[in-house]
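Below you'll find a set of structures to go through.
Across the two complexes that follow, chain A remains constant while its partner is chain B and subsequently chain C.
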Partner chain A sequence: MKKLINAPDDVLADALAGVAAAHPSLTVHLDERFITRAGGPTPGKVGLVSGGGSGHEPLHGGYVGYGMLDAACPGEVFTSPVPDQIHAATTAVDAGAGVLHIVKNYTGDVLNFQMAAELADDDGVRVESVVVNDDVAVEDSTWTAGRRGTGATVFVEKIAGAAAERGADLATVAALAREVNERSRSFGVALTPCTLPAAGKPGFELADDEMELGVGIHGEPGRSRAKLAPAKEIATTALEAIHADMPLSGDVLVMVNGMGGTPLIELYVVYKAVAEWLSGHGVTIARNLVGNYITSLEMAGCSITVCRLTPELTELWDAPVETPGLRWGR
Partner chain B sequence: MSVLDTETFHRWIVETARLVEANADRLTSLDAAIGDADHGINLRRGFQAAVTALAEKPAATPGAVLATVGRALISKTGGASGPLYGTGFRHASKSLGEAAEVSELQLGAALAAAVAGIRQLGAAAEGDKTMVDAWTPAVAAYQSTVDGGGALAEATRAAADAAEGGLRSTVELQARKGRASYLGPRSVGHEDPGAASTVLLLRALATVTAET
Partner chain C sequence: MKKLINAPDDVLADALAGVAAAHPSLTVHLDERFITRAGGPTPGKVGLVSGGGSGHEPLHGGYVGYGMLDAACPGEVFTSPVPDQIHAATTAVDAGAGVLHIVKNYTGDVLNFQMAAELADDDGVRVESVVVNDDVAVEDSTWTAGRRGTGATVFVEKIAGAAAERGADLATVAALAREVNERSRSFGVALTPCTLPAAGKPGFELADDEMELGVGIHGEPGRSRAKLAPAKEIATTALEAIHADMPLSGDVLVMVNGMGGTPLIELYVVYKAVAEWLSGHGVTIARNLVGNYITSLEMAGCSITVCRLTPELTELWDAPVETPGLRWGR
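This part shows the complex of A and B:
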C-alpha cells in the first residue's frame, strides 16, 4: 500500500484538520467529527445534514456551504458515521425550521441516521429523511438491500440546498430532494480496485484487461466482470442500463464523475461518448458536470448520472452555490 | 441451577473483544469478498470501546454491563454492525432488568430478546445470509438444551456450536440484505462476516460460562 498518510488510524483526523486549515468558510468539529458552515445556522432556514463513510471526497464535507449543506458527518473510511455525531450535527444546525437528513441507501448509513433522527426527535428537533438510491446496477427488489445511493446524492444536495436557501419549508425541501432522487439514475464502472488505509490491500482484484461493471463507491465488487472495452462502449453500456430503467427524454443534467484515480482527460473522452449517445436518442444535455465529485479513494473508473430536469429543478441547479467542492453564481 | 453474576458478563465482553482482536483480519477478509472490507476493523474499534467503557465506569448488574456495551457499540462501531449488535445488547439488557444474578432461563430470554431486536432493526430473516443465520439456530439450541434439563455451560456450548453450523450454512446462501446483496449470485460461496462475528461472541460466552 502506497498512500500519502502518516498512519492508517490517523487518516480521518489528519484529513479533517487539513480541511479546517484549508477552508475558513467551514467549522470542523474535530472531536465530535462533523463539519458545519463557519457562520453557524442561518435563522429560519431548514438545515441540511448529510454524511457517510469518508473516502468519497469532496462528498460530503466539500459540499457544506451557501446553497448546499449545513453540516456533513464523515465516518471512518467507507464506514457510516455513528448516531452521536449525526445527532450533534443535527442539533447544531437546527434553526427552528427543522432538519433534512440526506442519506445514501446503505444498510449502515440508514440505520445510523435513523437512530440519530430518533435522538434528535427526543430533543424536539423536527427531522425528515430522504434516502438516495439511484444506482441501476443493483436490482431494486425485496431480494436486495435496495439500490445504492451514488452520484445523484450530489444533485440532491445541490437542489435541495438551493430550495432551503430560498426559504422553502421542511416538507417542500424534502419533497424536492425526493423528486431529484426519483428522476435520477447512475451506473458506475471500475478499472482498478481501491485500498482502505486500515486494510492495507485492495478490496478485490482485477486483471489488467478487466473491468468491473455496476460498481459502487466503496471498493466493493460490482454486478459483473468484463473485458476492458473502449470508452464509447462503456458509456453505451451505462446509458443503456439507465435508459432501460428510466426512459430518457427532454432536458437532462448529466454528471460524468471520476472515481478518484482517473484523469480528467479520460472523463472528457467518456463525456464525448455520453453526449453523442444522448443526442442520438433525442435527449438534450441542459447542464453537466465533468470531474471528481463522489469518489472511491484511488479507484480508477467513472460513474455516469443522469437527472431528468424540470424547469424548477434547472432553476434550482443554477442558483448560487459556494462550497469547497461546487461554486458558481456568487 | 447455575447463576451468572455481573463479573461473568464483564468477562464475556472482555473475552469477546479478545476474540474479535485475534480474528479481525479474518473478519475483514470475509467482508472484502462480499462487502466493503471493514467488518474486523469496525468491530475491533467497537468492542475495544466497550471494554474501555466498562473499565471506566464499572456496571453494577449484568443488565447494566450489557447496556453499557450496547451504547459503546452504537457510538463507536459505525457501519451496520454497530447499530445491530448494539441494539441486540440493549434488548438483552432490558430483558435482564435489574437482576443481580442471571439464571439459565433469564439468559435464554435475554438472548432471544437480542435476536428479536437485531431481526427487527435489520429487517432480516433466516436465509438472508446475515448474522441472523448464526443467531437463530444458536438461540434455538440454547433453549432446547435448557428445556432438556441441560446445564448452563452445556447450553452456551450448544449455542456456539449451532452458530458455527449457521455460519457454515451461509456459504451456500445468496445474500438478500446488507452490502453483499448487491453481488446477487456472486455472493454465494462465501461465509457471511456478520455470522462469523456472531460465532465469536457466542464462543466467548461459552468460554466464560464453561466453569459454571
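This part shows the complex of A and C:
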C-alpha cells in the first residue's frame, strides 16, 4: 500500500486537521467529527446536513459553505458516520427552520441518519430526509437495498442549498432535493481498484485488460466485467444505461467525474464522447462539471451523471456558491 | 496501460475538443492547438501566454480566463509546444500592449518560446519572457539546464495575470512574474510512476516500498530513492529542502499539489504536516491551495510549493480570477 498518510488509523483525524488548517471558512469539530460553516447557522435558514464514509472527497466536507451544505459528517473511510455525530451536527446547524438530511442510499448511512433524526426530533428539531439513489447500474448491491447513491448527491446538495439560502422552507427544500434526485441518473466505470488504508490491499481485482462496468463508489461490483474499451464506447455504454432508465431530452446538467486516480486530460476525452452522444440524441448540455467531485480514493475510472433540468433547477444551479469544492458567482 | 482514451495518438485532439465542449468561456483553436478567452483580447491589456507539454492539467489550459492567462499552448503529452503554435497564440492575444511568455524551464520549452518570440517580434509584437525554475530538488536534470519549473508556475500565472488585468504595463507585469518566481520554491515526491499514452508503459519503476524524493513533473529522477515514509516525514524532507535553499519567514502562500493519482484526503493529511512544520518554524500560511493544480498524468504523489509573500503579492493573489481551474472573488 502506497499512501501519503502517517498511520492507517490516523487518516481521518489527520485529514480533518488539515481541512481545519486549510479553510478558515470552515469550523472542524475535531472531537465530534463534523464540519460546519465558520460563521455558524444562518438565522431562519433551513440547515442542510450530509455525510457518509470518507474517501470520496471533496464530498461532503468540501461542499460546506454559502449556497450549499451547513454541515458534513465524515465517517471513517468507506464507513457510515454514527448517529451521535449526525445528531450533533444537526442540532449545531438548526436555526429554527428545521434541517434537511441528504443521505446516500447505503444501508448503514440510511439507518444512522434515521436514528440521528429521531434523536433530533426528541430535541424539538424538525428533520426531513432525502435519500439519493441515482445509480442505474444495479439494484440491491453490496451495502445497499435498492439503488446506490452516487454523483447526483453533488447536484442535490448544490440545488437544495441554493433554495435554502434564499429562504425556502423545509418542505420546499426537501421537495426540491427529491426532485433533483428523481431527475438524475449515474453510471460508473472502474479501470483499477482502490485500497482502504485499514485494509492495506485492493478491495477487488481487475486484470490488466479489464474494467468494471457499473462499479460503485466503494468498488462494489457493477453489471459486468468487460475488456477495456475506448472512451467513446465507455461513454456510450454509460449513457445508454442512463437513457434506458430515464429517457433523456431537453436541457441537461452533466457531470463527468473522476474517481480519484484518473487524470483530468482523460476526463476531457470522455466529456467529448459524452457531448457527442447527447448531441446526437437531441439532448442539450446546458451546464456541466468535469473533474473530481465524488471520488473513491485512488480508483482510476469515471462516472457520468445526468440531471434533466427545468428552468427552476438551472437557475438554482447557477446561484452563487462558495465552498472549497464548488465556487462561483459570488 | 489502462486509460480512458480512444487511441494514444488522439489524446490531445480529443481532450481539446472536450475542453471546447465543456467551457464556453474558452475558444479552442483546434487546428493551431491553442486556447484563448472566448471574448478575444482585452484592448490595451498585456497578454499572458503560457504552455508546455500536456498531461499537467489543469495547467495551462485550465488557467485561461479573467485574471490569469490569455492563451495556453498545449504540446503533445510531456512534449513542448512548437514555435508556430506559440507564435499564433502570441499574435492572437496581442492587444497593443505586448505579450508576456510564461515558460517552465525545460530545454525544449525555452527554445521554442524563444523562437516564437522572435517570430512575434518580426510581426511587431513586443514579447517579454519569464522562465520559471522553482524546483529545488536538482540542477541540470533530464530535459533541463538549471532548475526545473514546476508549481510556482501557477502562482506566476495568477499574480502576473491579476496585475495585467489592472492595466500594468509589460515591464511591470514581467517584473512581477520574475519576483514571484524568485520568491517561490518547490519539492515533489512520487509514490508511483505514470504512463505516457504513446509509450504504453510506465516511464520509470518504483518498488512497492519506495518513493522518489525530488521527482520532476514528468517523472524525471529526483535527489534519491528512499523507503516510503509517513506523510509527516515526507513534508519535513520537502520543507527542509526548500528552507535550506530559501530561508522561510513571514507570510507565505503554500500549495500542496496532487500529481494526479493521489486522493484529496491524502493531500489534507500532508497539508496538516506542512502547516505544523511551518508554524513550528515561525512561518505564517497566509494563503493556500490544496488539490490537483499541476499534475503528472496519473502519478501518485504530491509537490509542495512555497512563495514568500509581500503585501502586494497577497493582494494580487486575492484579486478576482475566473478560469476552469481557479475561480474566486468575482
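Just so it is clear, the second predicted complex is superposed on the first by the 325 of 330 C-alpha atoms of A that agree within 3 Å, B and C clash if a C-alpha of one lies under 4 Å from a C-alpha of the other, contacts with A are read in each partner's own complex, and residues count from 1 in each chain.
Just so we're on the same page, a residue touches a chain if its C-beta (ideal position, glycine included) is under 8 Å from a C-beta of that chain, and two chains touch if they have at least 3 such contacts.
From a predicted model like this one, the values you see are computed outputs, not experimental measurements.
Novice: Considering only the touch criterion stated at the top, classify A:A22 as touching first (chain B), second (chain C), both, or neither.
Specialist: Second partner only.
Novice: For A:P81, is the partner it touches chain B (first), chain C (second), both, or none of the two (neither)?
Specialist: The first partner, chain B, only.
Novice: Just chain B (first), just chain C (second), both, or neither: which does A:L239 touch?
Specialist: Neither: A:L239 stays clear of chain B and chain C.
Novice: Identify which of chain B and chain C touches the larger number of residues of chain A.
Specialist: C
Novice: In the superposed arrangement, does A:V306 touch chain B (first), chain C (second), both or neither?
Specialist: neither
Novice: Touch check for A:K2: first (chain B), second (chain C), both, or neither?
Specialist: In the superposition, A:K2 contacts chain C only.
Novice: Taking the superposition as given, does A:A163 touch the first partner, chain B, the second, chain C, both, or neither?
Specialist: Touch partners of A:A163: none, neither chain B nor chain C.
Novice: Would you sort A:L267 into first (chain B), second (chain C), both or neither based on which partner it touches?
Specialist: second
Novice: Chain A residues touched by both chain B and chain C?
Specialist: Residues 77 of chain A touch both chain B and chain C.
Novice: Chain A touches which residues of chain C in the complex?
Specialist: 2-7, 11, 14-19, 21-22, 54-55, 57-58, 62, 77, 191-192, 208, 211, 228, 230-232, 234, 260-273, 275, 285, 288, 290, 292, 295, 297-298, 300-302, 327-328
Novice: Considering only the defined contacts, which chain B positions touch chain A in the complex?
Specialist: 28, 32, 34-38, 41-42, 45, 74-84, 121-122, 174, 176-179, 181-184, 186
Novice: Which residues, counting only chain A, touch chain B once they are in their complex?
Specialist: That would be residues 53, 75-84, 106-108, 111-112, 115, 137-139, 142-145, 148, 196, 198-199, 203-204, 216, 218-223 of chain A.
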